[in-house]
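Going in written order, the chains are labelled A, B, C, D, E and F, and every chain counts its residues from 1.
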Amino acid sequence: MEFKVALDTMWVLVTAMLVFFMNLGFAMVEAGFARMKNCVNILSKNFIVFAVSSLGFLVLGWGLMFGDGNAFVGLKGLFFAGGLDNSPATGLAYQGVYSAISWTGVPLWAKFFFQLVFCGTAATIVSGVVAERIKYKSFIFFTFAMTMFIYPVIGHWIWGGGWLAQKGMFDFAGSTVVHSVGGWAALSGVLMLGPRFGKYHNGNINPIPGHNLSLATLGTFVLWFGWFGFNPGSTMAADPLAISHIAVTTNTAAAAAVMSSTIISWMLLGKPDLGMTLNGCLAGLVAINAPCAFVSVGSAILIGLIAGILVVLAVIGFDRIRIDDPVGALSVHLVNGIFGTLCIGIFAQDKITGVATGNGLLFGGGAKLLLAQLTGVVSTAAYTFIVSLLTWAVLKATLGIRVSLQEEIEGLDIGEHGNSAYPEFLGRKPGYSFLGTKNS
Amino acid sequence: MKKIEAIIRPEKLDGVRRVLESAHCAGLMISEIEGHGKQKGVVQQWRGEKYKVELLPKIKIEIIVRDQDVERIAEAIIGAAKTGEVGDGKIFIYHVENAIRIRTGERGEVAL
Amino acid sequence: MEFKVALDTMWVLVTAMLVFFMNLGFAMVEAGFARMKNCVNILSKNFIVFAVSSLGFLVLGWGLMFGDGNAFVGLKGLFFAGGLDNSPATGLAYQGVYSAISWTGVPLWAKFFFQLVFCGTAATIVSGVVAERIKYKSFIFFTFAMTMFIYPVIGHWIWGGGWLAQKGMFDFAGSTVVHSVGGWAALSGVLMLGPRFGKYHNGNINPIPGHNLSLATLGTFVLWFGWFGFNPGSTMAADPLAISHIAVTTNTAAAAAVMSSTIISWMLLGKPDLGMTLNGCLAGLVAINAPCAFVSVGSAILIGLIAGILVVLAVIGFDRIRIDDPVGALSVHLVNGIFGTLCIGIFAQDKITGVATGNGLLFGGGAKLLLAQLTGVVSTAAYTFIVSLLTWAVLKATLGIRVSLQEEIEGLDIGEHGNSAYPEFLGRKPGYSFLGTKNS
Amino acid sequence: MEFKVALDTMWVLVTAMLVFFMNLGFAMVEAGFARMKNCVNILSKNFIVFAVSSLGFLVLGWGLMFGDGNAFVGLKGLFFAGGLDNSPATGLAYQGVYSAISWTGVPLWAKFFFQLVFCGTAATIVSGVVAERIKYKSFIFFTFAMTMFIYPVIGHWIWGGGWLAQKGMFDFAGSTVVHSVGGWAALSGVLMLGPRFGKYHNGNINPIPGHNLSLATLGTFVLWFGWFGFNPGSTMAADPLAISHIAVTTNTAAAAAVMSSTIISWMLLGKPDLGMTLNGCLAGLVAINAPCAFVSVGSAILIGLIAGILVVLAVIGFDRIRIDDPVGALSVHLVNGIFGTLCIGIFAQDKITGVATGNGLLFGGGAKLLLAQLTGVVSTAAYTFIVSLLTWAVLKATLGIRVSLQEEIEGLDIGEHGNSAYPEFLGRKPGYSFLGTKNS
Amino acid sequence: MKKIEAIIRPEKLDGVRRVLESAHCAGLMISEIEGHGKQKGVVQQWRGEKYKVELLPKIKIEIIVRDQDVERIAEAIIGAAKTGEVGDGKIFIYHVENAIRIRTGERGEVAL
Amino acid sequence: MKKIEAIIRPEKLDGVRRVLESAHCAGLMISEIEGHGKQKGVVQQWRGEKYKVELLPKIKIEIIVRDQDVERIAEAIIGAAKTGEVGDGKIFIYHVENAIRIRTGERGEVAL
C-alpha cells in the first residue's frame, strides 16, 4: 500500500509537471502566430496566466470544484484547499470534505497540483484567441474569474461529483472540462472584442501572418510532449495497462491528425501549410482527450483523422463568419473539445482500460452514452458562455477590454509594457507587415 | 526625368501605394529608414530604466518619373500621406540624368 | 510483482516521453543550422516525420521488428501490433508472438511506445542531411519506407532476436540500430541528391552559415536532455544500479566530447566554433549509446573525448569529399554510431551493470566481441545503404526527389509551403546570404 | 526494500534530469537578456559550463563535498567519486567514505548525478552576470575552480556534514549552497571586470535592452519547470507527503512572486515590464528553495510576495550603485538566496514534512534558528567571495579576464568565436543598438 | 562625378560585384529595398488565406564614379545583371556635386 | 537646397547625431547599408570553413539643408566621424530641386 501511494504520487506529480510545461507550449505557439509588435504582450499574458491561476485556484477554485456540496457547486472546504482531508486514504477510509476526488490514493497537495495545472490550461486557452487587442489588466482580471468560478463550476459538474457525472457523462482528461470551457470563454471574449484592426476590410479577409514559425513549431512539440502528462496522468495512478494504452491512443490520434490536416490543407490550399499542420496536431490531441482511456488504438486513428480535417475547415470557417481568432484556438480547443467529448458516445468500448463506460454508438451501445455526452456539451456551453460573457461585459464597462486603436496599430508591446521583444532586429515596421499585401 | 523621394509614416504606405497605382505610376522603390525631425520619440523601458528611442521608423519611397508627372504624383502622395499631425514627412525632388532598363538596354524616359 | 510492473511501466513511459521530446531537439538543431529561406520546410519535415513514423511503425514496422519469425524478419503479428500477447508476463509465462521483447515486464503498448520513439529518431536523422533541397512529398514517402521496412529489419537482426543478436553483437541503446541506420539512409539520400546549389563552386567550399544559433543550442540541450531517456530508458526496467550507472556514463561522455570538440576546433580553426561544440556534444551522446551500460565511467570519458575529435574531423572531411551535409548529421550519427558500436568491443567490462557481454579488447576479452560488433556494423551498412538507395531511386524516377533550381534559390518555404518563417523580420534576401561572401 | 530503492532512484534520476534541463533555461534567459552581438558567446558559455562542471565535479568536487573528512572539507574518496561505498545501503548498513549522504537509499551514481546537476547550476549563475565582456577561456577556467573547490567546500559545510550542518543551519534545496554561492562568485567577478562599455556614461545609466524576449520567456518557463526537479527532488526519496507539499510551496511562491514583481514594477515604472516579471518568477523560486520543505503553503505565498518585490528593488538598486549585471542574476540568486535562507529562521514550522527543524521566529521558535541561518549566510559570503576574488585575480594576472574594448564594441561573437548567431537577419548594427537611445 | 544607382535582382548581386571588381570600381553601397514594377508578386498563404506579396526584394547598388567611367560601369552592370526576364531592374544616373573622404578631408574626384 | 549623404561607421552614429543636434540640423534620415571600399572585411567561420564577409555594415545619413549650411554641416560630420583609420566613410553632396512638407504643403526651404 505504502509503495502504491508513493508510486502513484510520483506519477501524478511527474505528469502534472509535464502539464505545467504546456504553458511554455501555449506561450510559444501563440507568440509565434502573432505579430512581432505584440510579442511581449502575448508572452506576458501567457506567463502571468499560470501565476494567476495558481492563486485563483488555491484561494477558491479548488474548493468550489471538489468540495462536498450539491450537484452544482462545492460548498465545503472552499478556501485555500483548507478543508478536512485525510488523503492519501481512499474509499471508505477517506475522511474529509473533498470526497469526489478521494478515489485516487495520493496526498492532498498532489491532487491539488494536478488539478491546478489543468485549470491553468483552460485559462491559457483564452489568451491566444483574444490576442493582439486585449488590455493586459482586463485579461488578468478575467483569468481570476475563470479560475475562481467559471472553470471550477463545470469541473464540479463533471469531475467533482456534480449532476453531469451523475447523469453518466464521461470526460476522461478534459475535452470538455478544460478545452471546451477554455474555448467558450474565449469565444465570448472575441465576440465582445471584435476582430483586430485591418483583419476584415471591405469584404476582404486579410491574412495576418504570425511572426515566428520556429517558435510556433517549438511550442507545438512542447504541447504534444505535455499531453503525455495530460492524458496518461489523468489516471492519477500508475495503472500500467491504462497508462500504456492511453499513451498510445494519445500519440496515434495526434499523428493521424497531423497527416489529415496536412493532406486536407494541401488539397484545399494547394500547398501544405505548416500552420495548419501544427493546429492539426493540437486538434488531434484535444479530440482524444476525453476518449483516450475508453477507445481502441484503431478508433484513435479515426478520431485523429477527423479532428485534423475539422480543424482546417473550422479555421477557414471562423474567418468566413468574421470571428477573428489569431491562433486558431477556437478551432482547436472548442470545436475539437466538443468533437472529442462526443467521440466517447460514438467510439467507447466498455472497460477497455477498466472503466465501465458502456459501449458507444458504433460498438453496439446505442445512443445512450452519446446523449449523456451531448447533455454535457450543451450545458457546459450554456453556463460557460453566459457567465464568461457577463464577466467580459462587466470588465468592458469598468476597465475597458480593448486597447485604443492607435495602441493596436503601434503594437501592444510599447503601449502596454513599454518593451519591445526584438529591439535589435530590423523588422518591417508596425502596420506595414500586412498592408503591403493584398488578396490575390 | 526627376526622382520623387517621399518620407512617409509606415502606416500610410498602403494608402500611398493605392493612389500611386491609380496615378499609373510605373515603378517604385521602398526602403525602411529611421528618421528624426520635429516628431518626438517613443519612450521604452528596460529593467527599470526608461529610454527614448528618438529615431522613428519611416518609409522612404523613391519614384523616377517624367518631368511633367512630378506635380501630379507629388500631390497624389500628399493626399494619401497627410494626417495633419507632426511627423507626416517630406517630399524631395531631384534631377535624374538618365535611366536604363537592364532587361532591354533602353535608355531615357522609355526605360521608366 | 505488481509493483514491479507498475514501476517499470512508469520508467519506460517517462523515458519514452523524453525520447519523443528529442524530436523538438532535432527540429531546432536542423532549423538553426539551415538558412532562413528553408526554415518552414525543415520545421515541417521534422514535425511530420514523427507522425509518419507513428503510423508506419504501427501498421507494419513493429511486427517486422519484433514479431516471431526467422533470423531476418518478423513474420507473426505483423500488422497494427495486433498479434497475440499477454504482456506484462515475461519469461516462461509469456505467451504471444513478440517473444524477442518479452524479457521486459511491461504492457504491450508500453513496449510499442518505447520502440516507436526510437524508430522515429532514426527517421528524423535523415531529415537534416537532405535538408534545403529535397521535395517535401518525397521525404514523406521515404519516411514511410524507413519506418515500415528499413529500420525494422535491422532492428529485428539486433533487437528482435535475429542473426546479429545470435552472433553475440550488442547494441544497448542503438548506436547502430538507430543512429547508423539513420546515417546510412541519409548518406544514400545525399548521394542521390547531390550538394546544395552554390555549396561547391569552382573548387571552393562555400560555407553556408545556419540562420539561428540560439535555436541550434536550444535543440542540442533538448537532445542532451532526451538522451537521459534514450540510454537509461533502454533498460526498459527501473533497475536502480543500471539506470544510475547509465545516466552517469551518458552524461560524462557528452561532457568529454563537448570539451574535446571545442578544444580541437579551437586548435584547428583558431577559434572555438559553437557549431562544432554542439555537434561534439551529440557525437559523444551517439558514441556512448551502444556501450553506456557495458563500460565504466572512466571509459566513458575516453569514448567521449575521441567522439568529440572524430566529429570535428568528419565534418571537415565530408566537405572535402564534396558530401554536403548541412547539419553535420553524418558526422554525428553515422561516424559516431559506428565508433560507438565498436567501443563495446574495445571497452566492455563483463557484467558491469549485469549484462554478460564478455570483456572488450582493452579489458582482456580479446577480439571476439570486437569482431561481432564489426559484423554488425558492416551488415547494417550493406542492408541499409542498398535498400535506401533503391528507395531513393524509385522516388527519383517517380515523384522526383529534388526541387527545381529556381525553387532552391528562392527557398523551399515559399516553393513547397507558401509560408515564410519570419515574415516580419528583414533578412538578407534569398540567394544573397552566402553570395556576398568569398573564401579567404 | 528493493522496491523502495528502485522507486527512490527513479525519483532522484527523473528530478535530476529536470534540474539538468535548467541549463537550457539559463542559456535562453541569459542570451535573451543580452545583445545580439554577444549571443553566440553567451550560448557557448552556458553550453560548456555544464560539461566543465561534469568533469570538475567528478574529478574532485564530489569528493571534497561528500567525502568523510573534517568540519571544513572532505578528505576521503576525493577523486572520481572513487571511494569505497556500498550504496544503496543506508544508515548503519552503510559502509563507505561518503557517509554524509548515506541517508538516501539510492546507488552512488544516482547520488552523484543529482549532486552534479546542482553544482552545475551554481556554476551557470556566474555566466549571466559576467556576460558581454568576459573572455571565454577565463570563464572556462573559473568554472573549473568553481566546481572543483569553491562550491564543494560550502557544500561540505552545509550538506556534507560540515560545521554549519552541525550548527543546525538548514538549506533544503540550496538557496545558500547553490544560489548564494553562485551569486557571491558572480559578484566578485563583476567587481573585477567592471561594467560593460557604455553602460554608465556621464552619470547616466544607459539601459541596454536584451535582444530577444521570446527566448528569455522560454528560458524562464524552462527554469520554473526544472525547479520542480530542484525542490521536490531534494528529498532524494519518493516520500509522497513531502514531495507533494514541496511541489505546491514551490509553485505557489513562484506565482506570488510573479504577481508582486509585476505589480511593483507597474507601480514604480508605470508599465508592467516583462523582464521584471520574469526575474520576479525566478526570485520566488530561489527564495523558496531553502524553506520549501519547512514552511506552509500560506507562508510560501508571503515568501513569494516579498521575493518579487525584493528583486525589482535590487535590480534598480544594483544599477544605482554601478554594479552592471546584464541579466539580473545577482538580484535573483544572491539577494533572494540570502532572503530564502533566512526565511527558514522566520517561517519554519517544525516537522511540517517530517524534518525536525524547530520553529521559526513567527511560529514561536525564537531567534535560534534564524541565528543559525544567519551564520550560514555570513560564512558562505566570506568564503565564497574571498576565494572567488582570488581566483579572478589570478586569472586576471595570467590570461586576462576581459576582452579588448574593440572586441567588446564589435561583439564577442566575432571576436571570441568567429561566428554570428543570426547571420541572415538584418540587425541594428553593433554599437548602434543602444547608442541611438538617450535617457529621457 | 556621377552616381550610378542600379536596382538588381538579389541573386545577381554576387555576379555584379565580381564585374565591378574587375572594372576597378573603388567603392560601393548596397541596400536592400523592396520594389514594384512590371514584375508580378509572390503568392503566399497563411492559415487558409492566400495573399500576394507585391513588393519584391531587390538590391540597390550605389556607386559614385568619375564622369568618364559612367558608361563603362553601367555596361558592366548590365552585362552581369541581365536575364532578359521582366524584373531585371533599372539603372539611374544622377549628378554629384562633391565628394569628401572623411578620413583625410580630401575633396572631389580624389576622394572616390 | 542640397542633400548631404554621409556614409559613416555604425559606432559613430551617436556622436554624429550629437553634433548635428548642436548644429541645429532640422531633420535627417538614417539607413543601414553595407559598403565596400578600401577597408578589409571580417573573417568568420562556419563549421570548419572560414569566410570573409567583405561587405561591412555602414550607416548612411541623409540630410537636406539650405545651400549656405552645407559646409558647416559637412565639417561637423567629419569632426565627429573621423578616426583616421581606413573605413571612415565618405560624404557626397547632391543638388535638391525642391522640398515639400506633407503636413502643410509648404514648399522650398521653409519645408526643411
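Following the convention adopted for this analysis, a contact is a pair of C-beta atoms (placed from the backbone, for glycine too) under 8 Å apart; a residue touches a chain by one contact, two chains touch by 3 or more.
Remember, predicted model here, so these are calculated numbers, not experimental data.
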item	value
Chains in simultaneous contact with chain D and chain E	A, B, C, F
Copy pair chain B, chain E: interface residue numbering same or different (half cut)	different
Centroid spacing, where centroids are CA-atom means, of chain E and chain F in whole angstrom	18
Inter-chain centre distance, chain A versus chain B - centres from mean C-alpha coordinates, in Å	46
Whole-Å gap separating chain C and chain D, where each centre is the average of the chain's CA atoms	33
Contacts with 2+ other chains: residues of chain C	3, 7, 10, 14, 209-210, 212, 218, 269-271, 273, 275, 418-420, 422-423, 425-426, 428, 436
For chain F, residues contacting two or more additional chains	17, 31-32, 34, 43-46, 50, 55, 94-95
Touching pairs among all chains present in the structure	A-B, A-C, A-D, A-E, B-D, B-E, B-F, C-D, C-E, C-F, D-F, E-F
Chain A residues within the chain B interface of the complex	409, 414, 418-420, 423, 426, 428-432, 435-436
Chain C residues touching chain F - in the complex, by the definition given at the top	205-210, 265, 268-271, 273, 275-276, 279, 312, 315-316, 319, 328, 436-440
Chain A-facing residues of chain E, complex	34, 43-55
Chain E - residues contacting chain C, complex	10-11, 13-14, 17, 32, 42-46, 50, 57, 59
Contact set on chain F toward chain B in their complex	3, 17, 26-31, 64, 94-103, 105, 111-112
